[in-house]
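Look for chain A in each of the two complexes below; its partner is chain B in the first and chain C in the second.
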Partner chain A sequence: MTSRSQTAAAVHDRPAHGDLVDERIILCYYVAALTFLTVSMLAGILMALQLVHWNPLNGVELLSPGRWRMIHTNAVAYGFLANAFLGTLHWAVPRLTFHKVASRPLSWFIFVAWQAIVGLTAIGIIVGPTFQDQPWLLDLAKQWRLPMNLGAQGLEWGETPFWIDPVALLGLALVAVNFMVPIGRSKGPMYVSLWYFMAAFVWTFLTYAMGNLLPEYAVAGTSAGAIGGLFIHDLVGLFVTPLGWGLMYYFVPILLKRPIWSHGLSLVGFWGLAFFYPLQGIHHFLYTPIPMFLQYGAVISTIAVELVVATVVINFFGTLGKKGSEFFTNLPIRYFYTGMVFYFITCFQCALQVTLTFQKLIHFTDWVVGHAHLVMFGVFSLWLFGIMTYLFPRLLGRPWYSRTLCEYHYWLSSVGLFVMFLDLTLAGVFQGWYWASLQPWDASTDGSQPFWITRVFAGLTMFAGLLCFLFNLWMTWRGAEAAERSTSQFAAAAT
Partner chain B sequence: MFESKSGIFFIAGIGFFLLAFLGNGAVPMLMYKDRHEQTAEEVVNKKVLNQFADLAERYPEQFRAAFGEASAERCAEALRLGRQIYVGEGCWHCHSQFVRPVSNESRRYGPVSKTEEYDNELQRPVLFGTRRVGPDLSREGGRRGNDWHAVHFYRPRTVSNNSPMPEYPWFFDGGPDKPNRRGLALITYVQWLGSWLDEYPYYEELAEVKGE
Partner chain C sequence: MSDTHPSAVRPRAGMSRRQAWVTAAMAVVILIPSMYGFVGKFLEFVHIYRGASGGEFAVAPILNYLLASAGFFCMLLWAAWNGMFRDIEQPKIDFLENERLLDRDTRP
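For the complex of A and B:
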């Protein structure tokens, strides 16, 4: 550990914030992230309307809900989360390491390339199937037995068309280099956030390579299923989760102005997650022909990681300690801790639903969809909203136009999400029993209607929250007079 | 080691990832490595050929323009294209292809899925599925006629009351009696699903779907 005098010396030679952080690129990443989030939520609403027979655009090829459902998931993972994470890393990594990223031109190249990758993925998914019927594609498929799809490929989050996969891999490698250089140059033991970031750069690249190459080009059938399960699992566990927690370890102590409660628990949390998280891929395909002993292994590791998660959450609530009132007064902190509560619910739910007993009933139902929304929106999106709420005033150099709109954003997002989660979880239980009872299939789709209608409105509530945020951001950006005097610390511009 | 760059990079980053890949990926790969992966040509069987010929008979002009004759070779081509459409349109997001040994699924759909059913190039990546808004399709072949499927793709609610499935008019040249190449390929693909089993679950008594 660094001694007190060394710390003092380090603070003394600390380079200026302006030399370290390129604020413009963060703003650009955030704008891209919010754009893709808007697209993604509109796509989700389209699919939700389809299920309740309210889709006014039924039968329009380029607006097919089947294709837009993939835009929904891909735009969230690669458009919103990845962009928002990359932007925030441009703030956090240089400030943590006291070193600039490897190269600013490279940063901009990555930014442009990543938007091209996500944009082209979307275009491929939407337009690809229309032009699928090409003789050369069928020849490739016949000669090389490759599943050549101009549009989506048949793996969740691996839908990225085959002609984009190599570019995306190159992009991820460049991201790793760009941020690993400042981490490598930093001296002494690394802070917790950097453990998570560093591991995430390695994991994301490896995970993406595994999922987008092996099941398409190397293996078919059951073993491809095992790898597919590992891929979709690792993408949440080894890309989104470590970046998310790394940022929490960075922002929470800064906002609360107190250190993380227990360094030991931080160690347990990181190494426990690193060891157990990747071992669980097969739990997505229980009761498949994948060998049973592998399924049991995945179930046990999943239950093990919930214990690890508990230590992380305990550590953060220990950090909050007697400053509990910050939860009510400090909006970013409220976002962060709401996300942590949702994270704990998600993981607790995981330990139950991963068992074979639960799987019998809930596999293939909306229960799983509810779980996915709780993780991706309830945890990571809320955290990123909190970070954006904290950083935008600093990046733009002026307080939020309206604190009330920030509050609306929080309440509409978190309440809408929680209603959606409860609704879909319950729907899943009903669907599972409809199916097992051997009633005609219509019984399950008709019986789901009340839940699906509720889900439409829950989704619209979350979207309304986003619109509040976008309007607030627009007004703040163009420098409109603040609508009300703000006394809260979060709204103050950077010093 | 626990807080050093090399420890995190090599042990957590690369080491743990590889360990998990060995257990969760390499073990099943090695267990099944000697299984023969069938080509689309090899999975064409009497039953699906019969359905393919039925399509040629039912929609002669459309079929001639799309595939020419109802040969085994053209059938394999239709299966490949059909699978590409099935994946590209996201059918597999609402329809699984995997009958589980629990929850009475073998009573609803037919025999529980086995590994050998997935050893073919049309399962790259494997289409176990992720959600069932509609029913499992891995035993769908032969359950319904080609004309039923054509009408159903064109406007699902015509034949399936209150179905939330989207409409796919772009598989047709103007009407449900005129499926185009994409439509014919997709119908062939759906009729192939489960046709490798000895018996169709419901209609096994009908000689024409058994291909005899």
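For the complex of A and C:
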């Protein structure tokens, strides 16, 4: 049997890259993604400054830390990651299937709608709590029987105001249609990336609907808590993970110029993710009134996911094989494999921290914050930086202005993130012991100061990396003469 | 490479003995426990449905998992039935070859 992509290639007049891929929309998605990442990182720095009692916006209600924190998380998840993934999918899916997306006008509509959704979410979070007690608004809400939380929904990672949820769901449904059509049009066995993408389109829609609608309208109390736990984790595991791994299975073989070590093993990993991951979310709510069999089920399945992770790690390091030198010479590959090492660390950490014994110490501490940064920035953001480092020169038709700045971006991002992760992990252990020893709360915050100061510098380091990338991109875009002659593989591959 | 019929000239992907062993071992270690998890959740659902202690509020997350997993279980059966796992290593070769063909058009 021939594969679906092979069948398409067999057609004599197979489409060319230019017919399949709309490069302008990818550029637009990447620009939007980097804009939101800049906002998100600035918000993160503001939060870090707040913790060391040096908030430059102190007293400004609309820009209070509680609101900035939600801007930080929402901008990175829905602004940066979602935009960057959508842009990259416009490159990968048509090339994998040899079919265009369902509709290019629809792609542009989704692009505009998605920016509006993320922008309105930010506006809702910032001004919603201030304006929702205005008399005219109260009358309006009473008349239409609307919930009164015009600002953020009281749901971690689901802070998108309730009035945006239906629009966001419609947007996700359109994304699914736009990409599923080309996948559906091809025939035969699918490459593993397409399995992951298909699953992500379905899962993301269902996860968003479950997490945002059920606790708002259908379930309450502990049950809503359980749903919230599933939502938080499924957002990572069923939205960013399948898209991230799908793109790694796509880009790594291309850059290494060799097929993945075992396609069969990659499919085992995919189906393992499909059946294990949806069980896990309740591990966020251990020691709660949620029935213990659900808590135990979540703990066991979380540990079991380590086996799924093992398949992926074995496969990618098997693919690298004797081409280990590529790690040093090929910058996108270095981004990808650094992210994979961080992924293994974060999953290993996950298997430990979901045990009831461990939770006693680290629950509510900065350990969790360090873990979240390792996942969102250390894994998925680094992968997307690698993809952008590879694709920008191809999209712009010229090599990077400066390889040195690309290197700075990598090192400042990776080292800054790793320092932040170690710092917050250690802070979490200290905080846990402070609380366990029943000292006053102030003792734990005073004791956290050295860690929080370190975090400020780690965050500034990561932000400096982003500024290097943005400056390099600006200079490359406007066609400035390359600062140095590049012989690197990443630049060569891009020209 | 000619564009006429790639399957006639493209290399065929085989699986080494080591790859086969690792794949089979991981499949047994991962997929069987996940099936056990699926059945376990289903039994818990029946248990709660019959009014056992644990609370009805546990139904929501269990139903959620069952719906998601049942969908993928059907998809797994559909994929196996339609030969998606036959010649399991070939897509990785075809994909790279297609990439090469696409880049041949765009690169000097």
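Observations, loosely collected:
By definition in this document, the second predicted complex is superposed on the first by the 467 of 495 C-alpha atoms of A that agree within 3 Å, B and C clash if a C-alpha of one lies under 4 Å from a C-alpha of the other, contacts with A are read in each partner's own complex, and residues count from 1 in each chain.
Heads up, the rule we're going with is that contacts are C-beta pairs under 8 Å (C-beta built on N, C-alpha and C of every residue); 3 or more make two chains touch, one makes a residue touch a chain.
None of the values given here were measured: they were computed from a predicted structure.
Applying the stated clash criterion after superposition on chain A shows that chain B and chain C collide. In the superposition on chain A, contact of A:Pro182 is made with neither chain B nor chain C. Chain A is touched at more residues by one of its partners, and among chain B and chain C that partner is B. When the two complexes are overlaid on their common chain A, residue A:Pro259 makes contact with chain C while staying clear of chain B.
Contacts of A:Ile227 after superposition on the shared chain: both chain B and chain C are touched. After overlaying the two complexes on the shared chain, residue contacts for A:Gly87 are found with neither chain B nor chain C. Of the two partner chains placed by the overlay, neither chain B nor chain C lies in contact with A:Gly378.
Touch criterion met: A:Gly18 reaches chain C, while chain B stays clear of it.
Looking at the shared chain after the overlay, A:Glu61 reaches chain B, while chain C stays out of its contact range.
In the superposed model, A:Gly244 makes contact with neither chain B nor chain C.
Of the two partner chains placed around the shared chain by superposition, chain B and chain C are both touched by A:Met210. With chain A used to align the two structures, chain C clashes with chain B at 20-28, while the other stretches in 20-28, 38-46, 128-136 or 182-190 stay clear. Taken together, the two complexes place residues 189-190, 199, 202-203, 206, 210, 214, 219, 221-223, 226-227, 229-230, 267, 271, 274-275, 278-279, 281-282, 290-291, 294, 297 of chain A in contact with chain B and also with chain C. Taken in their complex, chain A has these residues touching chain B: 50-53, 55, 58-59, 61, 64-67, 69-70, 128-130, 132-133, 137-138, 141-142, 145-156, 158, 183-184, 189-190, 195, 198-199, 201-203, 206-207, 210, 214-216, 219-230, 234, 238, 267, 270-271, 274-275, 278-282, 285, 287-291, 294, 297-298, 359-361, 363-366, 368-369, 431-432, 435-438, 441-442, 445-446, 452. Residues 2-5, 8-9, 12-14, 16-17, 19-21, 23-25, 27-29, 31-32, 35, 37, 39-40, 77, 80-81, 83-85, 87-94, 96, 98, 100-105, 107-108, 113-115, 118-121, 123-135, 160-164, 166-170, 181-182 of chain B touch chain A in their complex.
Within the complex formed with chain C, the residues of chain A that make contact are 1-3, 5-6, 8-10, 12, 14, 16-18, 20, 95-96, 98, 189-193, 199, 202-203, 206, 210, 214, 219, 221-223, 226-227, 229-230, 253-254, 257-265, 267-269, 271-272, 274-276, 278-279, 281-282, 290-291, 293-294, 297, 300-301, 304, 307-308, 310-311, 314, 495. Those residues of chain C that touch chain A in the complex are listed here as 3-7, 10, 13, 15, 19-20, 22-23, 26-27, 29-31, 33-35, 37-38, 40-41, 44, 54-55, 57-62, 64-65, 68-69, 71-73, 76, 83-99, 101-103, 105-107.
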